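Chain naming follows the written order as A, B, C and D, and within any one chain the residues start at number 1.
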Amino acid sequence: MSCFQVRTDLALEAREGIGEAEREIHGVSVEESYDKKNEIRVTRVVIETKNGAKAMGKPMGVYITLEAPGMIEPEEDYHQEISSALAGQLKSIIPDAEKEQSILVVGLGNRDVTADALGPNVADNLFVTRHVVKEYGKAAYNKSRMHMVSSIVPGVMAKTGMESAEIIRGVVEQTRPDLVIVVDALAARSTKRLNRTIQITNTGIHPGSGVGNHRNALTKESLEVPVIAIGVPTVVDAATIVNDATSGRMPANLTELNNMYVTSKDVDYQVKQISHIICDALNEALEL
Amino acid sequence: MSCFQVRTDLALEAREGIGEAEREIHGVSVEESYDKKNEIRVTRVVIETKNGAKAMGKPMGVYITLEAPGMIEPEEDYHQEISSALAGQLKSIIPDAEKEQSILVVGLGNRDVTADALGPNVADNLFVTRHVVKEYGKAAYNKSRMHMVSSIVPGVMAKTGMESAEIIRGVVEQTRPDLVIVVDALAARSTKRLNRTIQITNTGIHPGSGVGNHRNALTKESLEVPVIAIGVPTVVDAATIVNDATSGRMPANLTELNNMYVTSKDVDYQVKQISHIICDALNEALEL
Amino acid sequence: MSCFQVRTDLALEAREGIGEAEREIHGVSVEESYDKKNEIRVTRVVIETKNGAKAMGKPMGVYITLEAPGMIEPEEDYHQEISSALAGQLKSIIPDAEKEQSILVVGLGNRDVTADALGPNVADNLFVTRHVVKEYGKAAYNKSRMHMVSSIVPGVMAKTGMESAEIIRGVVEQTRPDLVIVVDALAARSTKRLNRTIQITNTGIHPGSGVGNHRNALTKESLEVPVIAIGVPTVVDAATIVNDATSGRMPANLTELNNMYVTSKDVDYQVKQISHIICDALNEALEL
Amino acid sequence: MSCFQVRTDLALEAREGIGEAEREIHGVSVEESYDKKNEIRVTRVVIETKNGAKAMGKPMGVYITLEAPGMIEPEEDYHQEISSALAGQLKSIIPDAEKEQSILVVGLGNRDVTADALGPNVADNLFVTRHVVKEYGKAAYNKSRMHMVSSIVPGVMAKTGMESAEIIRGVVEQTRPDLVIVVDALAARSTKRLNRTIQITNTGIHPGSGVGNHRNALTKESLEVPVIAIGVPTVVDAATIVNDATSGRMPANLTELNNMYVTSKDVDYQVKQISHIICDALNEALEL
């Protein structure tokens, strides 16, 4: 048995870590759908009981995974298909999606590290409306009903000296949104999921997840508003890969790998593409 | 008389706007010192009474201006002289500078607009310590006494949908610093002050100041902790220049200038240099 | 009469500088068309004779101007209309547009100055194909006919120590493209054209034009291949504005304005929008 | 025996790959010096014969390696010690270092990928003088003797459609420098060398080296001027690490690792620090 903690931020992978026989976990329901034309696979895992949560090693809640092998291909029309599919899933998980509300989008991660810049990229390009609606009313957009959207990039602890969670809690207390949506780059267990899987969950962000290893939770409990998290695996922990390749017998001299990650050589292009997809999906989902 | 409001963020210029005869304003004291070798001029204006505040059009408080013509020359040794002089002035204005305290540095402005990126540049490069001291104690730095420094770049309203002041108030409430230091790019009235003048004040930031025109105040009253503001004029309002050149008879068809500013062609280089100077000065001033 | 040289990079404005009576210039033909639905106005000025060139102060050639007031509005569908209109105009001016050829796109300007980053933004996001076609053939794209597209951002002289023209000449000699397309931010004479006008010309870039004031020409004569220039006014010379406002009597103490420019406060957003439009138009126009 | 090609860009590591017994390679001389106070180790490997080149798997020439464990610590004074040591080594390897000459510094790599941005960072911040000296003479700097320094960031093939080597050859032919200095991020074999080792060589850049895997050579043969390369390992090939950990038995399902690399989690900070060190060293070494 390995004393090395295998790490994954993906519910899909958590389930794969479980043996074939145990796949039918009590308290966990799984639904799959496949859009053949666009090669988009959507898996909806619902962890309904505490037992299910224990078996999966994830909190109770809904985990939607959207997989599309062509996510990083340079085809704009195809991106729009993925964006629309993602927007649909987002709407399905936003509480009272049809009710006018105030929504804060948080772009977690470090904008100076390419693989970790997904959240900041999305937040930077989002269509925000809160300040205009507050100042001029919905009429400024010729709308009778609309959400008020705001966004923030809190930065990472090494640069701010603060937990992201401290900053976000402060902003939430000041601006009182009805919903927080957090976008973050994740660590996957397997390189084959990198940059072609998007995960949405209504359980928020839990300690130890994300490329930057945010230590404090961003959840309904900690923020006192519902929290939806959108994550994309952009890296694999270096230690995880070696651990897997050596069947858990990672050489002692490689422990420094714990502070390293594996990423694709064209990570800049891939993160840019996926940021666009998520940004477009949010703009679509957050329009009434 | 012009109905166009001439705008300046510099106390020094506010005083210049006043006629020669009235220069000796009651309730305003002015001290100048000049470092001949380094060509650094320091002017310390103290507005001591409400009358003085009214005459100057600025709140009561201390305004220190450091002028150095060579601020943007590419000479690193000289930059260190300016940094040290600035650090000295900062220490003179920080309340209980010798007492261990927690200090939040705020980089105001838009990192995507070169002339407005001064604050973000400084905050991004600052030496922050709060997270390390909180986790491992001062021993991590081999120190027995030290400040805890944190920093944030709140972003601009057009991108976040929130006032900078809302974000900062939230962060201050969560992390309870003893002092806030705000760094911002300013608008000057005259092109001759651009990028060679640094202003420090203990009155904070007031509505309508700054390149990005932050509308809410960042002051001791609004944040409930002392606020020091460091500002550098990097732009001149386009309307101000035309207004001056036409002796207040700005042609009606130029009103769109109100949404424009004038900046130097090598603004990127100049803002980079001054960001370094201020960042070094803060690192020096915030070390016990 | 003013001794101050009024500067404009726009053929449209050059014509406006000429008195009403002389508008019918011999050797200059002008055609206008207006797409009412999309509010896109296209003006095609052809300078056919040396006399016309002298009268206009511009070299002989075709100058197409596309004006759309909504260019900087955040509406993606509308952007696609402008992109397509621009792509059509580009195709009309590319020599032998239907013949397979090798095309080098040059992004002039300084990526660190927001108003001057238009060219680099476009080049960074362009779909380049030359390296793939050279290595794997057109089959890699499932095409039987296609252009080979390459791109370069030469940087500005203050950072490279070289004229952009020196770098581009070197790249052209090494890679022998059939056509060079140069994208650059321009200086306009009037703030009303800022960020809503795109100019295309088959005369290339001439000394003294552009935000960064490139001193060497990029023309068919200097590069020995046809050169198309795409330009968007993103700044106005500060001196030009004051000169106009004072009817040519610019105060002597404002001569330092010669090294300054006027730009819009949300220049970052506007340049980003227009970069996308031009990039999309180029991708469309350069597809066979 | 492994059929997987272990890759390293470091001469020091090439030598480590050779068994203890064979360390005394004929035709290869090795000198070490150690600055105890600053903990800087300098190793000078000279490959003097074709046999030596074969044994080392590297071309004949001088390879200087400077190792300093504290290279990435946030201590500016210490950085100056490393910079000065590096400047001294650079001067020892520049042909006719005391003769006035024209020097082109090339920043290889992709500025949008943090680990690969070392070269662009150095080039962007270098003190370039060629354009000023050409226009105004050395008097502009109050000097009677000085080099003319220029710099370029060619970009990467995925974005330009051209080999870096094509661009550089073109620039060299146009501007005729006496010396080319190339700065590039390298791949190391071992994580323990990451971001604390700087290698200088007078053999230039050879196919297949660097993070971005530049395929064409940049050597005296290809450019017809001497080429010095400065490299810092910022990544380890993911496949190399797994190959080592599994003693050459990399699982077949990990072949996709060939397109991945391993990097440190605070790669942004480390690359920034080292870019400063190299930039300062170049500025010092290129001053007469």
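Here, a contact is a pair of C-beta atoms (placed from the backbone, for glycine too) under 8 Å apart; a residue touches a chain by one contact, two chains touch by 3 or more.
Just so it is clear, the model here is predicted, and its values are computed rather than measured.
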item: Same or different residue numbers at the chain A/chain B copy interface, by half rule; value: same
item: Rounded Å distance between chain A and chain B, as computed from the means of their C-alpha atoms; value: 37
item: Whole-Å gap separating chain A and chain C, where each centre is the average of the chain's CA atoms; value: 40
item: Residues of chain A whose C-beta touches two or more other chains; value: 158
item: Touch-based graph of the chains, sorted into line, ring, star, complete or other; value: ring
item: Chain A-touching residues of chain D, taken from the complex the two chains share; value: 110, 112-114, 158, 191-192, 211-213, 238, 241-242, 245-246, 250-251, 254, 256-257, 259-269
item: Chain A contact footprint on chain B (complex, rising order); value: 123-124, 128-132, 148-155, 157-163, 166-167, 169-175
